[in-house]
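Paired with chain B in one complex and with chain C in the other, chain A is shared by the two complexes that follow.
== the complex of A and B ==
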């Protein structure tokens, strides 16, 4: 086998992992964004002490423990109670729950940055609080927090690599397997890096492109 | 005049120990333009914001055509405050124009005007946009329909806000110092629009520092100070021949500041 052939073998193997990585990222993204919006909305608009305290503790807990530890608890910990999740599902849940905490903070700050008059104007035209949130506050909040959401998303794509620790068949998992069977260490990890970059770069680019588009509309 | 649209009775409001409204009562007839004037901190804006319950008064009542605003009887028949959700249909009858416009920056001008009709008024979109175009025409901004608010001057933004208020097809329009945030050269275009609305016979309450404008456009004027109504009456009477010393002092200061002969 020539070096080129070796490279193609590595690449095609890792590509399979890339698909899993993207699946994990997409699943976690959906949970993180919807969870983050729900949590941020709750602490911003519902004045319930107990709820606020509960959410604040959740956020602190999720953010101050490594994501890897969360994955272990979800994957191995739940298994001891006979709840056996696939590595893929465990990774999606774990990263999604951590992401919800991270994004809740960002989104809540975004809501706070909007002028109170924005809400008052919506209420004064006769919109309900729900309509106000949906059509006036939420779109503006997402616009304000868009760059942070972009950062989070590229971080999330890179963080899918820690799912290899619970044997989710993603890029780094295959990479390590290949290394133990072929010892092409440098080439394999360089290919893995290349693969991550080729996923993350277009996503970051897409976020800033969308940001420019929104700026131009103003 | 016995054609009462709005009846305000005994409105009181405190923030902590500071009593901002100390019992405000007045009526507004249908088609009437009423102007609230008075020094800063006199409670005019708070009073206005109580009328659509953006501020919740501590005591007192507000009736719009005999319907009690902001309060309803609970199961046992005692009055309780309504939630924002319950207030929505009532607020739709009482439009508000804010000092700082508060247009929604993520929507273009046309959508700003139409959103309330579509969401709160449950109007079909085509009809809502038709109405929006009509209202934009009324404030002389048809050409700006597809622009975003940030591209407009302050005066234009305020006129869009007025179009948004008109699109509610409200029974009453509240203006909260609509020209105070504008550059002097942009005040005129907004006042022109408000004057046209007054001439149409719309029911309006206008909090303003533009005393001369209040005299020319309003039917009646209420002078407030320290949370009380000090003097009220026909606009020309209150402003040209105030009965009370306090009113005279205030009007004197305002005319000095603005350098205008009253």
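== the complex of A and C ==
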């Protein structure tokens, strides 16, 4: 086999992992964004001490403990209660829950940056609080936090590599398997890095394109 | 719930020394990585601000590269892919190098941002009263820039501390690897991984709080000059 053939074998194997990596990222992204919006809305608009304390402790726990520990708790730990998740589901759940905490901080700061008059004006023209949130505050908050959301997304795409530690069949998992079978160590890891770059770069480019587009429409 | 807690009490005397030892390793690993990140980050900023276009391009390329590649890929490459090229690193030093290079990209952004946040007039005023460029940097620019940089630098350390858990995958005896070994010995994964999470939390949470306080305190007395 020539070097080129070896490279193609490596690339096609890792591509299979890339699909899993994107699946994990998309699943975690959905959980993180919806969870983050719910948490941020709750601590911004509901003035309940207990609720705020509960959400704050959730956020601090999620943000000050490595994602790897969360994945291990979900994948190995939950088996204690006879909850056995597949590596893929455990990775989506774990990264999504961490992401919800990260995005809650970002979104809450975004809500805070909006002028109070926005809400008052919407209410005074007869919109319900729910409509105010959905049609006035939320879209503006998302626009303000858009760049941070983009950073989070590229971070998330890279963090999917952690899922290899619980044997989710993503890029690094296949890379490590290939190393033990072909010994083309340097080539394999270089290819894996290129693959990550070719996923992360277009996504962050897309986010900044969309940001420019929003700015122009203003 | 009661039996859950009693498992802790029962095993604590055996677990504590092992986890404490591993926590020391984690602290060493992340601190050495952080020191290296500071050094490399400072060099990168010097390259960017030095005026040589080749060096600036190289530094920017490095930062961009590190930011698009997962830390785990970097660590595995340093540990497994360098030996065939004739460089063999132990798990610990591969970890320090990986964390250092990874952190350096973030440190460089913080240092650059901190220096940029100062008004140009600060340096010009210092030069015009007769300070040499080095004096102006050391006594006027740096002290003011430091207060902007301090809180994000603490955050970077916390991030590196958490990231050091990935060194478990390159056989460094830090918290996560010891926890994995213990969980297969005692068959109590939930107890052990929650406990290890608590170890990380005990170091990371106070630092995160400190960085938040620093941010509030140091920005309090700061007069914002009109942007130029």
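For this structure, a couple of remarks:
Following the convention adopted for this analysis, the second predicted complex is superposed on the first by the 218 of 218 C-alpha atoms of A that agree within 3 Å, B and C clash if a C-alpha of one lies under 4 Å from a C-alpha of the other, contacts with A are read in each partner's own complex, and residues count from 1 in each chain.
Quick note on the criterion: a contact is a pair of C-beta atoms (placed from the backbone, for glycine too) under 8 Å apart; a residue touches a chain by one contact, two chains touch by 3 or more.
Predicted, not measured: the structure shown is a model, and the values here were computed from it.
By the touch criterion stated above, A:179 is placed in contact with chain C alone, chain B being left untouched. In the superposed model, C is the one of chain B and chain C that contacts more residues of chain A. Judged by the touch definition given at the top, the superposed model places A:212 against neither chain B nor chain C. In the superposition on chain A, A:120 makes contact with chain B only, not with chain C. When the shared chain is aligned, chain C comes close enough to touch A:200, but chain B does not.
Once the two complexes are overlaid on the shared chain, A:73 sits against chain C while remaining clear of chain B. In the superposed model, A:161 makes contact with chain C only, not with chain B.
Applying the stated contact rule after C-alpha superposition, one finds that A:135 touches chain B and leaves chain C untouched. According to the touch criterion, chain A has no shared surface contacted by chain B in one complex and chain C in the other. Interface of chain B with chain A (complex): residues 52, 54, 84-85, 87-89, 91-96, 98, 100, 102-106, 108, 115-116, 119-121, 148, 150-151, 161, 164-165, 168. Taken together, the chain A residues at the contact with chain B in this complex read 115, 117-118, 120-131, 135-136, 139-140, 143, 217-218.
Partner chain C is touched in their complex by these residues of chain A: 60-61, 63-70, 72-73, 76-80, 154, 158-162, 164-165, 172, 175-176, 179, 183, 185-186, 188-190, 192-193, 196-197, 200-201. On the chain C side of its complex with chain A, the touching residues are 65, 67-74, 76-77, 80-81, 83-85, 158, 162-163, 165-166, 168-169, 176, 179-180, 183, 188-190, 193-194, 196-197, 200-201, 204-205, 208.
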